[in-house]
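Below, chain A partners chain B and then partners chain C, in two separate complexes.
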Partner chain A sequence: MLNIHVCVKQSIDINSLEYDPDTLRPRLETLQFRIGDADLCAVEEAVRIKENNGGKVTLLCAGHNINPDIIREAMAIGADDAYVVSDPLVRDADQWVYANVLAALSVLAGQPDIILCGESSLDDSAYQVGPRIAEELDLPSITHVTRLEVKERKIIAERAIEDGVEILEVELPVVVSVGLEINTPRLPSLLMIRAASRKNVNFIPLDAIKLPKEKLSSLVKYCDIKAIKVGRKNVVLSGSLEEIASMLLSVLKSDGVIQ
Partner chain B sequence: MSSALIYAEDWEHIPELLSTSAALGLSPLIIFSHRDLIDIKVAAKNGASEIITHRLEPIPTYISRLLVQVISERQPRIILGEAKKNVREIFGRAAQRMGKACVNNCNNIDIAEGIVRIIRPILGGGYNGIQELIGSPVFVTIRPEAFKKYPVKSVEEPLITEIDLKLKRDSIKLVDKKTTKRSEVDLSLAKVIVGVGRGFRNKEDLKLAEELAELLNGVIGCSRPISSDLKWLPEDRHIGLSGKWIRSRLYIAVGISGQIQHVVGIKNAETVIAINNDPDAPIHKESDYSIIADLYEFLPVLIKKLRESKLRSIYG
Partner chain C sequence: MQLPIRENFGLMPHGTDITMYLVLIPFVLVFIYGVYLRLISYDGFKSIKFLLNPALLDTSLLIRNVILQIKIMRYKISGFMHIGIMYGTIILFFGTLLIFIENDFFRFFNIKILSGGFYLLYEFLLDLFGLLFIIGLIIAIRRRVGSLKLKRLREKKEYFATLLGLLFIGVSGFIIEGIRIYITNVAWAKYSFFGWTISELIKMLRIDRTVLLFTYQSLWWIHALTAFSLLAAVPYTNLIHSFLAAFNTSYKRIREPVIYVPSTPFRILELDAKPELEIKTGFKNVAELDTNHRIAIDSCMDCGRCEESCPATSSGTLLSPRNVIQKLRAELRYMPHGNIRDIFATGILSLEEIYACTTCGACLETCPADINPLDYLFEARRAVANMGKLNKQVARIIANLIRTKNPFGLPRSLKESSINELKKLGAKTIDEFPEAEYIYWLGCMALYDERVKNVAKKIVKILIKNDVSFALLGPEEVCTGDPARRIGEEGRYQELAYQNIRLLSKYPDKTIITHCPHCFNIFKNEYRDLGIKLKIIHHTQLLSRLVSNGKIKPIEGLKITFHDACYLSRINKIVEEPRKALSCIGLNEMNRHGKETFCCGAGGGNYWYEVKRNKKESVLRIEEAISTGADVLVVECPFCLVMLEDAVKTLGINKLKILELSEVFKTE
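Showing the complex of A and B:
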């Protein structure tokens, strides 16, 4: 029986976010939230480990205005319960604060054998919460895992880095971060969604995890957020394929790429 | 003076990391690196006054513990590294241990009135996040876009300090490593790039794109699924948020839908042409010229026309 914790973040849905063309700042009225793709891969991997080895999957989430329905969508993949801190103090959290809250939640949820995280969040792309949680709990970490196998009290992980592929072996407990390559999360069936609606989402008051003030104080502050706007011509070339190809050649010629 | 500690996993960009640190007004410049990697001449020429070496295997959990030790002794203002997977893990762990700020993949870094300010891609890469880092030291990994040029004073002979520490070890073992051959092409320098995406049904079909690239004296790049999921092309051909950021004269996106994470990598391309049969594909909005056509029908026509014309690429 393995106790598996999975960290998930209620992230800004980057696909629905729009920006103001004058200020280039995000338009807050277009803000929508969902669990990030890498986090969903982490949940899927946890559920597969549970299916092969037996165990329990607990989701951990820290943030502000957490919507239990969004947590339940991730639970529908096959998680058993969830521990959530939803507090205004975590609203502008950096990864130092997230890691502190998630590590404390993991302790509260009980002795994990494996903690799984997405390698980076959909919105903040900070690439560090997994390793930070590992350090906070004094556990080994393995990031960018593309294949994971649990054998008795060990994991064997395949890890893709810039110059190659590593095979690592480590005894449990361990913190593992995964990217999109590791699996394709299943689409929950109606039955699974219904089952998830009855599962427990434990909202934990921030006071209950007893973190000192400095562990809740962000070290990285946003000064501004601006869309990167590139002026493109947006010309659609139309006609028969022959005609389009000729037009494209004249474009390349007038552009000076070919002569 | 505030010093910079540069953690180097490989030495390819040591000159740039040193000049960037010098441009920030940091001094002295200290390098922390594996014993077998160090190149004293490069370090001296680019102004490093000390190289601290270790002999650890490349396991981030272990290296981070040694890094914490080095930081406690040298008290740098900034710990700087390249935005690579191992470096980010090492920095994240060490920053947590020391209760410090860490930011990754920065495109710009500055220090003004003692405050470190960075710009990094957020929200899928469609936005710049401008952030200030509180406290000291701070951990920063940078992308090549953040490299600064600066006339560094060379050092006659950097001090070499070997750190030999009894380290707490977990059970992590590196069982095997398959090193992938680096391709000879550096996408971030290429002038003409043909990008391939999920619109290609088979690996063999990439030949069409290769042929087009060849005719234009260009090279092939791809979106993330092609290199990461399908492994049709090596990782260093991946254009996008977590891959290469190109600044080519011409980029032709073929069968690429244009997810935000890909588009961030092509923002600095001069002319962008999209070939995609889906009129609603977001790539069309990110292009100068759009061709709404099936790549399997259009590419052969284009290749034939290009061959028959006397037109040749100015690059080559």
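Showing the complex of A and C:
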């Protein structure tokens, strides 16, 4: 029986992120959270492995103000269990801290055969946590996986490289990070989510995983986030075709688009 | 003249009656076994209780649909054909049965029923209905072969065999009668007018008496054996529809004034109280259907009318409502002999197929047997949603509804700015104007789609100009949940519905006006199941009132035709009002109009996802509109508006303009 851990992140839903038109800073009061798409693909893949090979799927999540309903929505895909650290200390964490907490949670949740991660989170999109967990736990890591198959104690993974596909065979245990191409995660119906509400979400106090302080202090500090303002100039050129063409050229030159 | 009586088995050898009964036994056994198989497939004992429950019988429907055949009489030739075959069968069957009863029962008491005036009437009626029976069958067969062949009818050996069998019974019956009349030469023979005509023919042909007698006796046996075979075949073939369709068209269910309301298998508020409750919705195999739904699919005659009227079939999708029912019927018939199979795993129904349905209701409007393909498609969709197997595009709509409470997935700020635009025209929100008589429900299309936003602006102008006391709900208004429900995600539908119900229940005395037939329908017919009864009108109803009071005038010089929205005309039977509103202009109707309207292709969630099509429904509809010679196509639904306008653009047509009903009227 396979023990599969899946790391998920309660991310800011960037699709519903709104910016203040004056300061260009995100409106924090309208922030919405959800599990990112790549993470959901990781959960779906774990559930498929479980359906084919048998096993248990445990979700791991680190963050601040974690909403258990958001975790249950991901569990409704077919996970059995969840371990969550929800602590203000993880609030502005960088990928190094996330990876440390998740690795410690994985140890706490019991010997994994496979740790699955979405290759990048919805909000930070740093592509680091998977490999960092592998480093932390001293396990092999496979990234950008587009197809996965488990055979006995081996995993066969196809990974997308620039102009081809790399096929790897690795002994378990292993850390795998997957992208959106690997599958289409099922959308749990409300009834499936309700059924999942009977499943247990274990909130673990940060102290319980006993991480040294340096492993909890971020290496990276966020200074500022600003939106890029895109607008139209709404200039209408009129005249004969030749006139318009030369006017357009001079406008483009004066804006420095062409030289 | 001596008393007319029927001489039974007169020309047959002595003892024929006993031999006949012995021969009949195996046929009856086959028949009984067939009935047993059918009952098993309908869920056994429960189905007997269901079929024989007098409380389920609606006498008025029985008279309308079964005795008077009103539903099938909509189709003139088919109606005549069906009455001929049906009443022919009934009269001939009971006529023959009467002979057996007299011969084998009353004879022992020396009672003769078939005598005197009654016997003469009997002979006349049997000849009359025998003739209608043959004419009906000839029509039925003629429509399946050669130049008059109908495309919707399938060439299946079973269908030809039963029709030819019945025809043979009719024709051979008359020949036997003719020979009998010729030989017995009784004085009252002319009452059997057709049999007598045949006897006169025989007289002209001068056939030898021994040959005639031999022909009579052999034909008599073949006639009897054919009749027995067809009787035995009833439970195995589509002949069983005689009983099932009669039942299906006359048992009670929600019907008027709406033709279709999906069932509510659970209520999420009740689930909150009882979290341990196990809910089952949707069906993955025919055994999960209830008895009446199984009986309904078994009553299908494969006439193909649903397929002919289906927009999804016409536009070349994988869906045909007839195929859905026939595939399920085959599965039902397979059920007593084997394992119950998963309809999705075996590919009996594909996702592509069940999501091509626009839920327009054309199929059940047209079905003479009152079979409702929508029921099965809805339940199949619910099963898909409950397995989390919605395809990517469809799942995205649900995800949008969850996150943004509108199917577009657009942010609330856009909704707010749309409402502000309407406020600039003078509309007030309910908080600003709590005394308002009407609430104008905008719906997502008017809140997020630029084209439909203009319709809302026009309606607001009309309302203000005519001093209609109305208010908007403001940004608290969220999607009715209709797309979620149509996609099969009942839970998400109810989440949104309950949110609206909490909002709307604050204003129990107000009437809602909406320009969206889908919002209208779900408010009027479906929120009821969640415990709220709303007063609601569609804006066409208001506009028709304003027109008849002379308050609004149309723009002059328009040559118009009108496209009915399925959810108003067919599902809610609102056909007259928009026509009344347009009566001041004059209307060139399209062939398919009113309850027979043709869907624009957007219904049932299809607006938001793509299904493979050869030719879009909207394009087919535009072609139909152009053929009327109109230069404006008036619609009454925001979805029809966008779909048909898109079609006009993709076809590159300049001469046809699409207008919403409100846009036909002047506000300046």
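Everything that follows uses one rule, which is that the second predicted complex is superposed on the first by the 229 of 259 C-alpha atoms of A that agree within 3 Å, B and C clash if a C-alpha of one lies under 4 Å from a C-alpha of the other, contacts with A are read in each partner's own complex, and residues count from 1 in each chain.
By our rule, a residue touches a chain if its C-beta (ideal position, glycine included) is under 8 Å from a C-beta of that chain, and two chains touch if they have at least 3 such contacts.
Worth saying up front: this structure is predicted, and the values here are computed from it rather than measured.
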If you stack the two complexes on chain A, which partner ends up touching A:Ile77: first (chain B), second (chain C), both, or neither?
second
Tell me the contact category for A:Leu190 with respect to chain B and chain C: first, second, both or neither.
second
Name the contact category of A:Asn15: first (chain B only), second (chain C only), both, or neither.
both
Touching A:Met1 in the superposition: chain B (first), chain C (second), both, neither?
neither
A:Leu28 contacts which: chain B (first), chain C (second), both, neither?
neither
Comparing chain C with chain B, which touches more residues belonging to chain A?
B
Considering only touches as defined above, state whether A:Val235 meets chain B (first), chain C (second), both or neither.
first
Based on the superposed arrangement, let me know which partner A:Arg198 touches: chain B (first), chain C (second), both, or neither?
second
Show which residues of chain A both chain B and chain C reach, each in its own complex.
15
Residues on chain A engaged by chain C in the complex (per definition of touch)
13, 15-16, 18, 30, 32, 34, 76-77, 184, 186-194, 197-198
For chain A, which residues are in contact with chain B within the complex?
12, 14-15, 17, 19, 26, 94-96, 99, 122-132, 134-136, 139-144, 154, 156, 160-171, 179-181, 214-215, 218-228, 230, 232-238, 241-242, 244-246, 248-249, 251-253, 255-259
How about chain C: which of its residues touch chain A in the complex?
266, 268, 271, 275, 279, 281, 385-392, 395, 398-399, 403-404, 409, 411-413, 489-492, 494-495
Contacting residues of chain B [partner chain A, same complex]:
59-61, 64, 84-86, 88-97, 99-105, 117, 120-135, 138, 170-180, 182, 192, 216, 224, 228-229, 235-236, 241, 249-250, 260, 264, 267, 271-273, 284-293, 297-298, 301-302, 305-306, 309, 311-315
